[in-house]
Amino acid sequence: MRRQIPLALVFIFGVFMIFQYFVPHESSEWIYEFLLDWIYIIGIFALALGIWSLIRVSITKIKARKANWGYPIITLMGLFLMILFGFTGYRNGSLGFHFMTAEGLSNPMFRNFFDYILIPIQSTMFALLAFFIASAAYRAFRARNVLASLLLVAALVVMLRFNPYLGPIGPYVADAASWLLNVPNLAAKRAIIIGIGLGMVATALKIILGIERGYMGKG
Amino acid sequence: MKYKSLVILLFIFCAFTLSAAQEDAAPVDTMQVDSIPPPAPVSMLTAKDGENDHGHSITLRWELSADDGAGQNSVLSYDVFRWVPFFMDTLHSIRDSLDVAEGAVAEKLREQRDQAIAMIPQVHKSYPEQGEWRKIGTALSGQASFNDVGVKERESRDYMADHTDYYYRVDAVTADSTVRAASEVVGPVRSFGQLFNTGRIPVFVAVLVFGLLTIFFVVRAKKGAELYVRPLAGIEAVDDAIGRATEMGKPILYVLGLGTAADIGTIASFTILGRVAKRVAEYQTKLIVPCYDPIVMTVAQETVKAAFLDAGRPDDYYEDIVYFVTQSQFAYVAAVNGTMLRELPATNMYMGVFYAESLILAETGALAGSIQIAGTDQVAQLPFFIVACDYTLIGEELYAASAYLGREPILLGSLKAQDYAKAAVIILAALGLLAASLDWTAFINLFSVTS
Amino acid sequence: MNIFDRMMSLDRRWVFLFLAVVCVITYIVDFQIPIRVENEVKTVHEFIDTLKPDEIVFIAIDYDPNALAELHPMCYAVMEHCFRKNLKVIITALSQNGPGMAEQAIFDIADSVKMDREYNGVHYKGREIRNGIDYAFLGYKPYFQLVILGMGQNFRLPFPTDYYGTPLDSLPIMQGVQNYDQVSCVIAIEAGNIADAWIAYGQGRFYFPLALGLTGVMGADYYPYLNSGQVFGLMAGLYGAAQYEELADNPGLAKDGMRIQVYAHLVIIFFILIGNIGYFMSRSEKKRQGR
Amino acid sequence: MRRSTIIVMAVVFGLFILSWIFRSTSLASVQEHYIMGGLKVTFSAFLTLAILSFLYKDNPFYKFAEHLFVGISAAFWMSMGFWTTIVGNLIPRLSRSLSEFFQVPYQPGSYNFVYFIPVILGIMLLMRLSSKYGWFARWPLAFIVGTFAGLNFVRYLRSDFIEQVSATFVPLLVGWQGVGHFISNFSLSASGQFVAIVGNWVIFLGVICGIIYFFFSKEHKGAFGAASRVGIWILMITFGASFGYTVMGRISLLVGRITFLFRDWLNLIS
């Protein structure tokens, strides 16, 4: 029972969604919209589990007093402060359980934390990619064998496509780069995508039929 | 001076572009527009229920006016009109009041609105009395069709009732919008929802063929047919990597990526996680699984727990093997980066759906000296994994991995089905090539999905 | 460990440091790099460069702030070139947030044109750019296809007044200007599907010379129109803008951006080469020792 | 704590205060809350540098920024989820009094009762925390996995299979008007007929060879092996080219941060 009912649910909803795709009628659309709405709502309940997990792991680390045990305190402080700002605000001069008002977010600190803590860290993490793309290129682009050489040459040609110091060969490099990006690129991506499509479809089918059930626990 | 026509012309154009504020501010004193002879009207106007839809739409088609792109070449656009009963204004005024109403008044108005909506088919029967022609849209010159699309939500102002008799007319309009030619009226026509989308027949055929193919090979595999699968370096590395971690006494980091439980790539990754976790439990190595999505975390916990049970070591399982970090892309990456440099895992596995963070993770992992095995179905991230990881499962290989690791005949059977589908793709592509070269459009149209 | 082994296994922090230093220096220090000019940009520049004073150029600024980084430099380069050549400019903005973009460009360029400058050896005296005389900004109207079609009849149909509410007939620049027939070319700077409308409904119907300025990713999709002659020139992304700045001898935002890009790319290529030289040399060394 | 650590901390703290003071004074003429404004810019810059310091090595500043980021972002998404999904979508359909409490317009409807189902499923999910009834959590998971498996099954069959296959249907001879025409108009220019024809051949053969590379149940030997090798070559060329193409965008991101540090924070350039 503990496994059969969930597997039956997977089958029923999976098959329903397949048929729904072919039925344009209004009632089929209504059910489709309801189902998607439900998933968002269940997601929020799951988020509560997630936050609980984060808090528990942090507290375990703090209690164990292993290396770096102090940092989870910062995580928890950030978490609770932001929750406090996110769930309270002033409206008509009184503090309460508010979020949005006509003037925007009811607690300006929520916005401040977003703009001056989340955004700078986020963009800097993203910007780290500039450095990592350089170090990855240095480390991995070695002409060790045919495959590695192809990888290396294609990357070099594309990276040189607007380089002004190439003299007369410059235009040819630019043409070669755009050919690489338009022709082999298209072919390879299409081959990969067709493969992915088949793999996904097969996996989805195995899930619906209950063949692939590794994601569902035992007992 | 053709004052009048120009003023009217401007007026109509402005009304159309919704800039009421500027309508009157246009004194015209220097401009001349020559008078335009009336254009030919459109012909053969037809109206039909919109195909393959949920109803609430009518498709109009016509033959272009003789003066559109030819003849006097004076037609600039087509105005589409529908006959609208005055009763619809009553309905709109109920909607208006409802917008501002509260409490019991709103309740009452909502009831009135629903009653009014129920009467829509009936009031359209009074055509051509108690109603008037109203413009519902514009088609540009050269276009010979128009879709009158409403919505199905009764709360909306754009609600268009099904099973109602509608009447249409199309005007050919010149630059001087007073100079126009009306078509014949078409109607009555009714909209309704269809039960089967014929535009999607190719998909339906593919579903049936692929489904039957898979079931056939799975059944055959169950009966015990031997199946060959070629070796995949990335898969073989998984076993070695777990062994290496055990020898070194270091943990294994398994990253499920940014996918949600909605992504098949993530679900494939659960299966791989299950296999890895089972072996980890047998070898008694430490496993770390930080998660980005809370539902993914929940499923991953179930998976790992079941794997430990399978391996006969349920007591070694604890809930925090799989833990939630945060649902923010780069915060998750920052935390996983930190984990990599502090726990120094022997092996990092990245399986599932990844975005821009792929390279940040893989480079940090390389810095920490871990063996790295990646697999993703995100084509854009494959180059970075290929460059920065030791082994990469490319696209479809990620989905095949679970079958490879498990070596269960049923799962291998479905791989065979995938291979047959690929063979079919090659044959179809070759045929399609011929078809395209020989202008054999009938074949190409077999694959066109229209809606 | 000999030098080649060391070249092969540099600490990656050297790569990081080198890249950071080069980016910061090329960012702060204002120096010029040569830009290789492609033909499709040269045709645009030449077209505008050979126009006579008081001829009219129509510039469509159809992008939103999210494409600003790529398209603003292009818009600035073209507009300044027009004003320096004493051309008159009619501007529209057919995407919703376009007017903000257009105004910002107009005001910034007006400031810049006030200064005396020398481009390609020609001295240009600073001058005041006046609304209604040197340029007209018609503003935004929805339904861009209809607006483009309507302007083919008369600019006054979609735009009875300019963006600031002045009737077009009271603007000196618009005297005798009815429709596309009186403008010498249309330069459409685009971040989306309005580009298609300019080709299909504008050039396709009224046959004016059309040049496109596009974002980098859009570029490749529009080359077929260049080959078929529907557009006479095409500028794509920051690189396209940099080429225009190079031709106009007026380095600006795009060349600044390209300077950083070119050198950052060179740093990466440099490290790839170092790695490979080290790899091949140490391999041949090992072979020799092995023998 | 080691002495050197304390010195570094003290220096960073000192610089932080200095930056705060300088930024505040420079903002005093433009902003009302200039002390707060100075703190905001300084703190943003501190966090930016803390993350960048990770490139040197893992250090307390990075750890601080990382842990702060995790906590705040988790709470951010939780607040957003609660207010948009629960308050914005669920409550207006379930309860009039709760809608009034949260001041959102109540939306009565005859099918609203179905919204109790996700609430029940959500509560079942929370039962995971109980060791006895934890297995109830599989119901909502089964619902989600099943729904999306069905949804993706048809959608990917269409977008990644049928549409991609039909996209390979290209003519092998582009604009063919006979051999004479082809030879007399022969050119190697990027827009010429020859290049277009070669392009279509490469696309066709590339797709076929790429697909052959992904065959699992056939040994890659002989002609089949050769095709699969060509397949992986084309994949590698593509990966190299995509890698090279991405560099430009990534450098732009770095330029964005340099702009923040040198213009918005240090005010070195205008």
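So that you can tell them apart, the chains are marked A, B, C and D in the order they are listed, and the count of residues begins at 1 in each.
Convention: a contact is a pair of C-beta atoms (placed from the backbone, for glycine too) under 8 Å apart; a residue touches a chain by one contact, two chains touch by 3 or more.
Predicted, not measured: the structure shown is a model, and the values here were computed from it.
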Per Cα centroids, the chain farthest from chain B: C
Chain whose averaged C-alpha position falls nearest the assembly-wide average: D
Dominant chain pairing [most C-beta pairs in contact]: A-D
Whole-Å separation of chain centres (CA-atom averages), chain A against chain B: 17
Gap in Å, rounded to a whole number, between the CA centres of chain D and chain A: 5
Intercentroid distance (Cα basis), chain C paired with chain B, Å: 33
Gap in Å, rounded to a whole number, between the CA centres of chain D and chain C: 28
Per-residue multi-chain contacts in chain C, two or more chains: 12, 16, 23, 261, 264-265, 268
Overlap residues in chain B, where contacts from two or more other chains coincide: 200, 203, 207, 210, 262, 264, 267, 295, 298-299, 302, 324-328, 330-331, 334, 342, 382, 384, 386-387, 394-396, 400, 415, 418, 422, 425
Multi-chain contact sites of chain D, meaning residues that touch two or more partners: 51, 54-55, 63, 65-66, 69-71, 73-74, 76-77, 125, 128, 138, 141, 144-145, 148-149, 151-154, 156-157, 161, 165, 168, 204, 207-208, 211, 214, 235-236, 238-240, 242-243, 246-247, 251, 254
Of all residues in chain A, those that touch chain C in their complex: 130-131, 133-135, 137-139, 141-144, 152, 155-156, 159-160, 162-166, 170-171, 174, 178, 181-182
Footprint of chain D on chain C - complex, ascending: 13, 16, 23-24, 27-28, 69, 216, 223, 227, 257, 260-261, 264-265, 268
Residues of chain A defined as touching chain B within the complex: 18, 21-26, 28-29, 39, 42-43, 46-51, 53-54, 56-57, 60, 67-68, 118, 121-122, 125-126, 128-129, 132-133, 135-137, 139-141, 151, 189, 192-196, 198-207, 209, 211-212, 214-219
Residue ranges of chain D touching chain C (in the complex, touch as defined): 55-56, 191, 247-248, 251-252, 254-255, 258-259, 262, 268-269
Chain B residues touching chain D - in the complex, by the definition given at the top: 107, 110, 200, 202-203, 206-207, 210, 227-230, 261-264, 267, 295, 298-299, 301-302, 324-328, 330-332, 334-335, 337-338, 341-342, 380, 382-384, 386-387, 394-397, 400, 415-416, 418-419, 422, 425-426, 428-430, 432-433, 435-437, 444, 447-449
